[in-house]
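Should a chain be cited, it is by its letter among A, B, C, D and E, assigned in written order, with residues numbered from 1 in that chain.
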């Protein structure tokens, strides 16, 4: 407990110093980190409850980007409105993938699930590629590139929506898991599926629900991201491993930790990028912080 | 004296599971360790076998300080144990489970280990040891636990609730088995809830409660200790 | 008399042994570049065969997907050489894949006409002795040189244009890094008063970014560095996926250099429709607008649209067409399938290409047979890519300075 | 009799180039590259540790080998050993840390280490050639594909042999015990860390050697293609489709998937990867133990 | 209340139950005794729905529940205390107990009542409400498991070897609590090794050996049965 506290204090001081010295890096880091967290939360949910690392996670994001694009170009629907359509669609898609592919393999070796989702991701990428070609698409809305003035620092405003969204989603998830019956059921299934079944929880339903919910949350992230990112078949792919990294850094089952980890990594990255001449090492910082966090936690345990 | 602990303490976070325990195990005896659930019996076993390192205190085995000796080396020194919830190696046959400890604790070659394992399986009366584990009954799994522990060629054998889940007839056979092990000069600690077993087997009993030793002595004496009766035996005594 | 004999011999060979001319192409079919290049090649072959083939023989084209994986691209060469038994290799996109193909190509030493792989590493790997190897795409350093020529011409024509301070934001992979490196090399020369940039480039800075194509997409740190530097000419060397996000983020931080240049291999589908694109300059080999000034470009455009019911979206489409046509021209000129004769012919011919410009082989730093050397400087104006330089293909006047972001 | 058959098969493998064309030889060579990676991944998996780091050690070996030849004028053949040694050394140094991690933490850390290797390869440009990579002017054996095939075959057979030794000696007892239950294993005298380190270092050396083979065959290294995730995901798929925890499983998986991907490309030039993905999904759904595992199970059930 | 008719069941190819029939009447406590590996837990799995039998029927309150999913069976009023406890280690005692009632509609409405009932039986749980179950000892967890099952106001309570690993004082306490529970009108199916104690609780008992029911009688008769005396009581 005490050591954790010291750690948080050190972290807070470091972040404050960065905010003071390089305000841009701080704000951009918060924004990027919020995006990472927003995309990572659904992956962590599936990993924590169903015990499955969804390698097609990024492809779900890609799919939601294309859906938002389609709604925007065909019907002129504003991307911030489109979750009303894309979230239910992705929910349904997640459900279908779960029912068709995942459910019957739940009892086999857990690596099989990994490979299944890898197969799903290949099929999704290649289908999108056939349908849309590899050419990137973009959505242009003027508000996505507006700036705001924070204490004299002139930064892009749109990406603060990520921060707002991640706070809302996180709070919503935590409240849901703690306060609602279905949430408690979800939490229970994550700890002991057999125990959950004997208190009357429909475990298969909870799994399907978690999978769909995660897909729906991905759609939300996709809608927010769509106006800032290019849309192409591999657009979401890199988010899978980033999300996995955050989940591992926070530790399984630690949802607030994921958002914190995302923001810390985001700021660290932006900080290094902002130093001329060292921009190319930003990725290294990401991985070194990640490895350090995991190893530090592992060595905290003392065993013979 | 074979094993001696000195002010042995283990805490998990704020919870103290074992508190300043001075345990002595004499060469050649069968020592019973009893106590209510949560008294710290299994933690004590884990400390002696090296699954955990203690928060405080020392452990001496054959006059050597083994407090921070890793578990696999303790197994090689002759400290063997069974697990309360059986922990067989699922991908092996029963026989191969025994081979594992013969190989690594005794340091035998594969051929020697197979031979030793065969003998041990006969000793504990484990029939058809080449079976896959999902076809073994609880009694056989418990015997397998003992067999694997015997593969370590133990000087000290800690049996953690080997009787749990056995019916009367099986218990009697198990008691015979433990008695036959003692004849092989193995010192044995028995952690047990079934009082008839304790009374039949042990030379001496140690009673743990909330991580501390509250009574020690022959079974007859301990069983009439009012502290033990209130903490542990209840109406049955 | 002798010539007639050769032609007769060729006919005999053609009729007796090879009834078709087989060309093997290796392309990344899952990528828009490879897919459209493959289409354009099919179009070229179709046109040739409709016109009666070459040397009286029909041309047959075999296309194998390299899946953008080096080992697959290399195996494809072996396949085409031994299973389909092709006589010529064409194709190409990624330098990484090509590096793996080069040892295999050297094994067969068949005439190879390549339209991709711009990295100087590939030229190093080919080496000076491969006279059977023809590289049509400009090497990365050639591209850099040609921009210098372009800017020099532009500053002469438009005296208000200044390009003394240059900032390059480059993607951290092979493509971007080598672009930056060639600028750095030239800058060193320019400082000594030599080289193509002498007198033009006075100062150079650069910073890498992670391309959106590889999971990046956040350019603000780099753009901030550029903004502080305040360059006359800002160039980003990345991929098509970076094009619009980089504009959005430049607008966001209020970075509007006088010349905003992008150098991706292709452009996103809706780029022209995006109001931010107006005034953005680009480097490229080709622009659809060329069809208004070049008859062959017009012919290619119309034929492609008719055949495939889609518009050519990348310069690899006209380049793929050129790839086949150039090779066939060479064979025609050689009049036989004799390797040496064809090599000689390919070195001599001048092919007016739909890419815009006449294709003529000349040596580059290492290899003997380099095709295109020049790039073009283009500008997006109201949704259309216009050619600014070379002036003989110019389709619009330069808009200078970059109009900025107000009202977009 | 059984050993006689195996010997015959090995000899046939060596004689194959005299019967089939260069294309098939090339395809088989790359199948064996992936096969060796798949087996090495499986060997680590037998200890219960899911490694996502094989592309990293593959790339490390590739770079070590190319640099050894280019900068230190070591014979290409020896450079493969150098690469294996280098990868082993790095694994040994890192093993002290990462082998204390388990499950997803081990997986993500090995994956992160691969990325770290790649970032170093990209940024230490004086040594590695940076983003553009490094090119040798000549591939091993002057590009003679038959000799390359023999070399790769020998390495692959060695890997198979090592894998079989793992299955037939005390090593199998140690690593299976670790996978099943670490606490029970250490109470039975198994030195867990020693065996984990041994397997980690050995499999990393294999991955390094295979990376060197690949690099020498094509005579270049480049961060993006040398450290590509393909060298992780494809071997993993092969092992799982073929059947894990065995030598034959990954072999079967590598051959089946390797040939399937070449064949699919012929009948479906565009989008053949969709079918490839579907094959992965369907195989795992209907043969959850992989091809070899299912066959073994069927036979066992009949007995 | 519960009727099992001619049940045959297997794990894969290994047949475990052979034509097993058994019934439990309303407010009756029935014991199922037998050596390890006789098929007791398999029988429970068939009732709860973890295992689909090959043939035979399971009826609960005259409703055919053969092959139903566990969560549906539980809602009908059957609660199970499994041998491995199957609790939620990261949840507190309170949350575990809530989970016991939350997913059974008729129990959810009477949750406070259920808490009172459980605290009356196991006062120690009231003190430990906020403790995480994962940090409790095996015996305490067993109590939580029984309490959690009771939270659903079951009509039938199935206990799979509840005395295993418990200290003697708790075992006798637990069995006396079971008698109380039975007196409140809950039917009990008790699966036990500890025949001596078990027979004190139940009114009737079955003996299962090698997957077949070999004996069925009242508990007094069983107590005096020679086979039982020899094999299970050691007399």
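Basically, contacts are C-beta pairs under 8 Å (C-beta built on N, C-alpha and C of every residue); 3 or more make two chains touch, one makes a residue touch a chain.
Quick caveat, the model's predicted, so the values are computed rather than measured.
**Student:** Show me the overlap between the contact partners of subunit C and those of subunit E.
**Tutor:** A
**Student:** Among the chains, which one keeps its Cα centre farthest from the Cα centre of subunit A?
**Tutor:** Between subunit A and the rest, the longest centre separation is with B.
**Student:** Taking CA centroids for every chain, report which one is farthest away from subunit E.
**Tutor:** C
**Student:** Can you give the whole-Å distance between the Cα centres of subunit A and subunit C?
**Tutor:** 38
**Student:** Express in whole angstrom the distance between the two chain centres, defined as the mean CA positions of subunit A and subunit D.
**Tutor:** About 31 Å, centre to centre.
**Student:** Provide the C-alpha centroid distance between subunit B and subunit D, rounded to the nearest whole angstrom.
**Tutor:** It comes to 43 Å between the two C-alpha centres.
**Student:** Which subunit A residues reach two or more other chains?
**Tutor:** 126, 129, 280, 283
**Student:** I need the residues of subunit D touching at least two other chains; which ones are they?
**Tutor:** In subunit D, the residues touching two or more other chains are 122, 270-271, 273.
**Student:** Tell me, which residues of subunit E touch at least two other chains?
**Tutor:** In subunit E, nothing touches at least two other chains.
**Student:** Mind pulling up the subunit D residues that touch subunit B in the complex?
**Tutor:** Those residues of subunit D that touch subunit B are 169-170, 173-174, 176-177, 179-181, 183-192, 245.
**Student:** Using the touch rule from the top, collect the residues of subunit A that touch subunit D in their complex.
**Tutor:** Of all residues in subunit A, those touching subunit D are 47, 53, 101, 104-105, 108-109, 111-112, 114-116, 118-123, 125-127, 129-130, 241, 244-245, 247-248, 252, 280-281, 283-284, 287-288, 290-291, 294-295, 298-299.
**Student:** For the complex, which residues does subunit C have touching subunit A?
**Tutor:** Within the complex, subunit C contacts subunit A at residues 30-32, 35, 172, 207-210, 212-215, 217-218, 220-222, 224-225, 240-245, 248-249, 251-254, 266, 268-271, 273-276, 313, 405, 408.
**Student:** Would you tell me which residues of subunit D are touching subunit C in their complex?
**Tutor:** Residues 21-23, 25-27, 30, 33, 122, 129-135, 137-139, 143, 145, 214, 217-220, 222-225, 228, 230, 262, 265, 269-273 of subunit D touch subunit C in their complex.
**Student:** Where on subunit D is subunit A touching in the complex?
**Tutor:** 45, 50, 97-98, 100-101, 104-105, 107-109, 111-113, 115-116, 119-120, 122-123, 233, 236-237, 240-241, 244, 270-271, 273-274, 276-281, 284-285, 288-289
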